[in-house]
Amino acid sequence: MRLVALCALPALAAAMAFATSARRFVRWRIGVLVAVAATHLALVATLWIVPAAPVLGGWLAADALGLIVLTLTSVLFFAATLHAVGYLRRERQRGGRVFVGGLLGFLCATSLVALSQHLALLWVGLEATTFTVAPLIFHRHDRRSLEAVWKYLLISSVGIALALLGLFFLATAQTGVAGRPLVLSDLLAHARDLHPAWLHAAFLFLLVGFGTKMGLAPMHTWKPDTYGEAPSLVSGLMAGALTSCAFLGVARITQVTMAARMGPFVQPVLVGFGLLSLAVAAIFIIGQGDVKRLLAYSSVEHMGLLVLGLGLGGIGAYGTVLHVLNNGLAKAWLFLVVGNVVLATGSSAAAANRGLVRTLPISGALLVLGLFAVTGSPPFGLFLSEFTILRAAFGAGHPWIAVLMLLFLAIIFVGMAVMILEMALGEPEPRAGHAPESWWLLAGPVGLAAAVLLLGVYIPGPLQHALTIAATALGGTAP
Amino acid sequence: MTLFVAGISLILLAGLTVAVFGRHPSFGQAAFRFLVGLGCALGAIPALAVLAGRGASDVRIAGAVPGGEWVFGIDALSAVFLVAIFVVGAACALYGVAYSGHDQGRRPVSGAHALVALLVAALALVVTARAVVPFLIAWEVMAVVGYLTIVFEPERAEVRRGGLLYLVATHTGTLALFALFAVWGNGAIDLTFASLAAHPPVSAAAIAVVLWLALVGFGVKAGIVPLHFWLPEAHAAAPSHISAIMSGLVIKMGIYGLMRVIVLLVSPPIWFGWVLLALGAISGILGVIWALAQHDLKRLLAFHSVENIGIILLGLGAGVLGVAYGHPVMATLGFAGAAFHALNHALFKSLLFLGAGSVAHATGTRDIERLGGLAKRMPRTATTFLIGSVAIVGLPPLNGFLSEWLVYRSLFQGGIITGGARFAVVAAVALALIGGLALACFVKVMAVVFLGLPRDTAAAEARESVPGITRPLAGLAGACIIIGLLPAFVLPSVFRAGSLLAGGLPPDMMPLIAAANAPVTAFVLALAAGIAVAWLVLRVLSRGRRARADVDTWACGYPLPPTARMQYTASSFAAPLLTLFRPLAGVSVKRTSHSFTTHVVDPVLAEFMLPGWRGVRHVADRIRRMQRGRISLQLAYVVAAVIVLLIYLVFRGGAT
Amino acid sequence: MSGSALAALVALLVIAPLLPGVAVKTKSVLTGRRGAPVLQLYYDLWKLVGKRSVYSATTTWIFRAGPVVMLVSVVAAALFLPLDGRAAPAAFDGDLVAFAALLALGRFALVLAGLDTGSSFEGMGASREVTFASFAEPVLFLCFLTLMLATGQLSLSGMLGVPLLAAWPRAAASLGLAGLSLFVLLLVENSRVPVDDPATHLELTMVHEVIVLDHSGPDLAIILYGSAVKLAVFGALVTEVFVPRSGLSAPASFVALLGGLIITAAAVGVVESSMARLRLTRVPQLLAGAGALAFFGLILLMR
Amino acid sequence: MHTAPQLVLLLIMLTNFAVLGTTRLSTCIRAVALQGLLLGVLSLLLARQFTLHAGALALGTVAVKAVALPWFLEWAIREASVRREIEPLVGFNASLLLGALAVALAFAITARLPLPGLREELLVPISLATVIIGFIVVTGRRKALTQVVGYLMLENGIYLFGLTQTDSMPFLLELGVLLDLFVVVFVMGIVIFHINREFDSLDSARLEELTD
C-alpha cells in the first residue's frame, strides 16, 4: 500500500499545485512542497525498517536495487526542497507555480521508475521525468535556456524512442516463453530460454535509450547545456536522481542478460561505453570555463564509472551500486553549493566567482571539500566505490582498463582542481557584496556532505545487506 | 596503545579548542600550546617504549566498510617515525602560534592552527595504520590538510600555484597507491597489512608492477628526482612552520611507505635494490646541485630535502641489496642508516626551515642576496641555524654524521664481501660527492645570510625574533646535539627498526653490530671535549694581551674599508661549481650589452611537466572544437552509437 | 692506545712544521737558491704566538672559533692513522668516514671564519677551496675503497697497518694507483704548487692563503701549525701506503715513517720547482684524472 | 507482392523515400500523414480477427498520426510564418543514397534476427528501415520542423515493429501513439512557437550559443 502512496502522493500534490492560481498561494505552495518531501522521505525510511510486499500484481515492488535508488531520490529531493525554499524566496518569478508542480511531478515519476518491476512501466516513468523536468529547465525563459530545453527534449525523445524499440525487441525475445511479458521477475526466472539474438538486440537498444537519459558518451551532448542553463537546484536533482533512475533501467536489462549468461556479449559494450565516457569527460573538463558545465562533465565521468563497474563484473557490481549512492549525494551537494554561489554573484562562469572562501565562507569551504569528494579522495564515500571498481578491474585481469581509468581520473582531477581552487582561493572582485548565506540554502549541502563523509567511513548494516543483494543480482559479488 | 590514542585525541582537541576560541585568541592559543605539547608527549611514550624493546598491542576496529577491519599498531619502524612526528610536530605547532601572531589582523589565524593539529594527527595515523583503507584515508587527509595549510595566504598567485602543483602531484601519487593496493589486494582475503603480507604477489611481473607503483606513488610524496617538481614550489609558498612539517615529516611518509612495502614484501628482488641505489644517487647529486643554484632560502632548503631523500634511498638500496644477496649485516646497517637519517633529517631540516622562517619573519624577505650580517643582530637564530647546517652536512659532533656513517658502513660491508653486492661500493663515492657539495652549499648559506655586512636595509634593521619562535629552534638544536653526542641511546633502537626491515636478524648479529658502535660514542665525545679544551686554552693564553677588535677588515692596504657590495654574493660563490655542472644546474644566463642576469629554474618542471600539460591542453582544445553545439551534429553522435552497436550486433550477436 | 702509538703521534706533531721547510728548501736548492732555513716555520710560529690578535669589527665569535676547530679536527684525524705501523690510537668500523668528515669539519670552520670578515678576498678563496674540496672528497673515498677492498679491513688502522703488507703482492697495481692519487690529493688539500702557490703575494691567484688573510697573532699561528700537521697527516697516509712497515719493530717503523715524510716533502719540493700553477678551471680536471686512476685501481680489484 | 499487407508495406517504404527526397515542407508533412494512414490500415489487415480493441487501435492511430499531428504542424507553419522550403544539411540525393544504405542494413540485421512464427516476413526489415531513415531525416535537416517530422517517422517505424507483437502485448502500441501525442503536440509545438518568437526563424542552426 505504501508503494502506491509513494507514487500517488506527489502526483496529487503536483495536480493541486498546478490547479491553484499563480499569484495568491505562493507561501502555501512551498509549504506543500516541503511537507510532501518530508512524508515521502519518512515513507521510504519505513520501507527500510518494514519491507513492503509487491503490489498491483507484482508491477510495483521495492527490491534491493530499486530501494537504494528510491532512497537516494528521496533524500536528494528533500535536500533540494530545503534549498528551493531559499531559492524561491530570492527568485520571485511568476509565483513558482510551474516550478513546484514540476518538482512534485518529477518526484512522482522517479518514484515510479524506482519501484516498477514491469519494464514498460519503468519506461513510462522515465518518459514522464523528461516532461516534468522540461519546464523546470526552461525556468529562466531566456534564449539560452530555450536552446537547452530544445536540445534536451529532442535528444531525450530520440533516446526514449530507441528504448521503446528495445522493449519491443525484448517482448519478441519473450514470445513463446512462459511468464507475463516484460515483468522483471518472470524475465529473470526464464532468462535462459529467452531468444538470444533478440535479447542481444534488446539489450543494445535499451542500453542506448537509457544511456541517453543517463548522459553516457556519445549521447551526453545535452548534459552540459541542460545542467548549465537550468537552475542549480534542478541540475542537482537531474544529476543525482534522474541519472540514477536511468541507470536503474540499464541495471534491470543487465540483470536479465546476466541471468541469461550473456556476460561475454554484454560486458565489452559496457566497458566500452564506460571508458569512452571517461575519455570524453577528461577531454572536455580541461580548460572548462563554466562551473556548472564542469559538473555536468563530471556527471558524464561518473556515469562512465557506473557502467564500467557493471561491465567489469565481480566486486565491480558492488562498487557500482555503492557508487550510484555516493555519486548522487556528491553531485547534488556540489550543485546546491554552486547554486548558492550563482545566487550570490549572479553568474556561474569561473572568472566571475573568485575568492569565494572570503565572500561566501561556508559555501567556499563546501565547494573545496566537494572537489575532493567528487574526485574520489579517501575520506569520502566515492573513494570506496572507485577503489572497489579499480580492484575489480585488476581482478578481471584487465590491467589496461585500470590504467586508462586512473589516467583519465588524474586528468579530470587536474582540470577540476585548477578551476575550482582558482574560484575558491582567487582574489575576490571588489564589488562582490557579502550576501549573508541563509540557513535554508546551506542545510541541504551540509547534510549531503555529512552523508557522503559517513559513507566513506561506515556503511550501516541494512544498507550493506541491500548492496550485497543488488550486487549479486547484477551478476557480481560483494568484496 | 591507549596512551597513543589519548595523545592523538588530545592533539585533535587542541585543534578544536583553538578553532572554537577563534574570537579571543589569547586563551585559545594558550590552551592549544598546552594540549599539543601534552598530546605529543603522551603519544611519544608508547613509541619510545617500542623502541626500547617492549612491544605495543594493536588497536582493532571492526570494519564497517568493505576491506576488512581497521587495525592500528606500533612496531619499531612506526616508532622511529612517530618519535620524529611528535617532536617536530610539537615544535612546529608551537612555532606556528608565535609565527602567525603578526598575521592576526589580516586573516583568521585560529583555523590555520587547527589544521596544523589535524595534520600532525593524520601523520601519526598514517604511520600506525595497519590496513589499506585507514592508511589511504589518513594518507589523503594528510595530503588535503597539507594543501589547506600551504595556501595560508591565498591572495598571492605564487602561493596558489605552489599549492596547486603540490595537490596535483600528491593526488596522482595517491592514484598510483590505489592501483598498488588494488593489485596487491587481489589475492588477499581482506585488506589488512597482515593478509597482504600473507598473500604477496608471486609472479615476477606482479612484483615488478607492485614495486614500480610503490616507487611512483611514494616517490611523488618523498620527492625522488623525476617526481620532485612540486616540492620547491610548495615549500616556497607555504609559511615556514608548514614547510618545516612538510619537509621534515610529510615527505618522510613517502619513505615510510617504501619501507612498509619492503617489510610486507619480505624478500624484495635484486633489481629493486639497484634501482633504489641509482635513484638515491641521482636524487642526491641533482638535489644538491639545484640547491646550490637557488637564491630563495626556502627553495634552497627544499632542494636539500630532495638531496637528503637521496641519501635515505642509498641506505634503503643498500639494505635491499643486503637482503637480496643474503648479507643480513649489510641489510640491517642499510635499513638502520636509512631510518636513522630519516629521523635526523626530520630534526635538522625542520630546525633549518624554522630558522629560515625566523629570518623571513624578521627581514620580510627570503632572497638571500639581500641579507647578510644577521649573526650579530639575530644571535640565537644564527647559532641554531649553524648547528642545523653542521648537522645536515654530516660533520662529526652532530647527528647527521652518525646516520651517514651507518649508510657508509652498509655500503662498505657490501664492498668487502665477494658477490654481486660489491659494486654497491661505488654509491659510497656518490655519497661523498653529495657530502662535499652539501658542505659548499651550507657554507654559502651561512656566510651570505648570517656573516659579513648586511646587503640591504631590511637585513640591517633585523631584530631577533620573539622567544616563542627561538625556543622551538633551541629545542630542536638541542635534540640534534643530544643525539649527536650520545648515540649509545639512539643506535640500539634504530638497529631494532633496521632488523625489522631486514626481515629479522639472527640473534648473534645484534651484539656484533652494537659492539662497533661503542667506540664511535667515545670518538664523538672526545672530539667535542677536545674543541672545548682547546677553546679554553686559547682563551687563557690570549687573556694576557687584550685583542684589538675595532679595526676594519684587511683589504690588502686599500685605504677604504670593504663595503657590503664588495662581498661575495650567493650566485658568485656558487658560480665555479655550477659552471662545472652546466647542463644539469638549470641556471639560464641572460647576457646583454649592459646587463648580466642569471635566472634559476627547476629543469624537470620547466622542460617536462609544464610542456607536457600544455600538450594535453592543446589536444583537448582541438577535440573540444567538435562540440560546436549544433543539434543535428549531436543527434548524429547518437545515431553513430546506434549504427556501431548494430554492426557489433551483426558480428558478435547472432546465436550466442 | 698503546704507548708506542701515542709516542709516534706526539713525535709526528712535533716534527710536522719541519716538512714545509724541507719542501721550500728542496725547491730553492733545485732552482739554484739557498732558500729559507728548514726550521723557518718554527721561528714564525714562535714570533706569532708572542703577538696580539687583531679582529675586524664585522667578525663574530665564529672568526675566533675557526682556527681552534680546524686544529683540533686535524689532530683528531691524525689519531686514526697507524703511525707506529701496528695500530692507530683510535679505530672502529668505517672510521675512514670519520677521517674524511674531520677534514671536512676543519675546512668548514676555516672557510666560515674567512667569510666572517665580509671581504671579497676571503670570499674568493672560500669559493675555490669549497669547489676543489667537493671534488677531492670522492677521490679520497676512492683511494680508501681501493685500500679496503685490497686488505678486506674496515678501519684505517687495519687498512694501513699489518694486513697491508700481505695485500701488496696481490694488488700491487691498484695500491700503486691509490698511492699516486693520494699524493695528488696531498697537493690539492694542502694547496701546494699545481693547485695554489703558497709563496705568492697576488691574492687574486691564492686559494688557501687568502682565506686566512685576516687572521693574526696566535690565531694565525694555530692555522699555520694546523696546516703543517695536515701536510704531515697526508704525508703519513702516502708513506704508509707505499712503505708497509708491519715487519719492523715500533721505533724502527716510526723512523721509517719519518724518512718517508721527509722524502714526500722533498717530492713536493721537486713538483713545485718543476711545475707552474694550473689555471683554476683545470684543477677539477686534475682531480678528475686522479679519481679516474683510483677508480681504475678499484675496478681491478672488483672483477 | 501478392498479399495486401506487403503492398501497404511497400507504400510505406515509398513515403519514406518521398520524405527523404522532397524539397518542400508541406509535401513532407503530407507524406508522413499518408504513412500514418497506411499504418492504421496495416494494423487492421494484420489483426487475426477483428476485435473491438484492434479496431479502436487502428482508428486512434489514424486519428493521431494521419489527421491531428499533420494539422497541428500545418498550423505551426502558418502561425510561425515559416519559409516553405527545406534547407538540408545533407544534400537530397545524398539522403536518398543513405536511405538505400539504411534499407540494406535493415535487411542484413533481420537476416541475423530470425523471428519465429511471424506472419509477414517483410514487416521487420521495413520497420527497421523506417527507423534508420527517420534518423537520417532528424540529423540531416536544418529546420526544427523537419526534425519533428523525422522524429515522427522514427515513431512510425517503431509502431510498425510493434505490429509483430499485437497478440502478446496489446497495450504496448498505445504507448507509442501516446508518446507521439506528448512529444509533438505538448512540447515541440510550444517550443517551436517560442523559437520563432525569439529567433524569428525556425532554423535550428541559429541555436548554437551553448558551446564549451
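Chains here go by letter, A, B, C and D, matching the order in which they are written, and residues are numbered from 1 within each.
As a working rule, a contact is a pair of C-beta atoms (placed from the backbone, for glycine too) under 8 Å apart; a residue touches a chain by one contact, two chains touch by 3 or more.
Note that the coordinates shown come from a computational prediction; the quantities given were computed from them, not determined experimentally.
Novice: Considering only chains that satisfy the touch condition with chain B, which of them also satisfy it with chain D?
Specialist: The shared contacts of chain B and chain D, listed by label, come to A.
Novice: Specify the chain pair with the maximum number of C-beta contact pairs.
Specialist: After tallying contacts for each pair, the winner is B-C.
Novice: So which chain is farthest from chain D, going by the mean of the CA atoms in each chain?
Specialist: C
Novice: By Cα centroids, which chain is closest to the centre of the whole protein?
Specialist: B
Novice: Where the centres are mean C-alpha positions, what is the separation of chain C from chain D, in Å?
Specialist: Computed value for the inter-centroid distance: 100 Å.
Novice: Calculate how many whole Å lie between the centre of chain A and the centre of chain D, each centre taken as the average of the chain's C-alpha atoms.
Specialist: Roughly 31 Å separates the two chain centres.
Novice: Using mean C-alpha positions as chain centres, tell me how far chain A is from chain B in Å, no decimals.
Specialist: Here the centre of chain B sits 43 Å away from the centre of chain A.
Novice: Return the distance between the CA-based centres of chain A and chain C, expressed in whole Å.
Specialist: 78
Novice: Hunt down the residues of chain C that sit against at least two other chains at once, touch-wise.
Specialist: none
Novice: Could you list which residues of chain D touch at least two other chains?
Specialist: 109, 112, 135, 138, 147, 204, 207-210, 212
Novice: Touching two or more other chains, which residues of chain A qualify?
Specialist: Chain A, residues with two or more chain partners: 150-151, 154, 158, 197, 201, 224-225, 284.
Novice: Strictly by the criterion at the top, what is the full list of touching chain pairs?
Specialist: Per the contact definition above, the touching pairs are A-B, A-D, B-C, B-D.
Novice: Give every residue of chain D touching chain B within the complex, in rising order.
Specialist: It comes out as residues 89, 105, 108-109, 112, 135-136, 138-142, 147, 204-205, 207-212.
Novice: Across the complex, what residues on chain C touch chain B?
Specialist: On the chain C side, the touching residues are 49, 52-60, 62, 64-65, 68-69, 71-73, 75-76, 90-95, 97-98, 100-102, 104-105, 107-108, 111-112, 115-121, 123-124, 126-128, 130-131, 133-138, 140-142, 145, 148-149, 152-154, 203, 213-214, 217-218, 222, 280-281, 284, 295, 298, 302.
Novice: Where on chain B is chain D touching in the complex?
Specialist: For chain B paired with chain D, touching residues are 624, 627-632, 635-636, 639, 642-643, 646, 649-650, 653-654.
Novice: Which residues, counting only chain A, touch chain B once they are in their complex?
Specialist: So the residues of chain A in touch with chain B come to 150-151, 154-155, 158-159, 162, 196-197, 200-201, 204-205, 207-208, 211-212, 218-219, 221-222, 224-225, 262, 264-265, 269, 282-284, 286-287, 315, 318, 355, 357, 368, 372, 375, 377-379, 383-384, 386-388, 390-391, 393-395, 399, 402-403, 406, 409-411, 413-414, 417-418, 421-422, 425-427, 456-460, 464, 478-479.
Novice: Which residues, counting only chain A, touch chain D once they are in their complex?
Specialist: That would be residues 120, 123-124, 127, 131, 134, 143-144, 146-151, 153-154, 157-158, 160-161, 164-165, 167-168, 171-172, 174-176, 181-182, 195, 197-198, 201, 224-225, 228-229, 284, 288-289, 293 of chain A.
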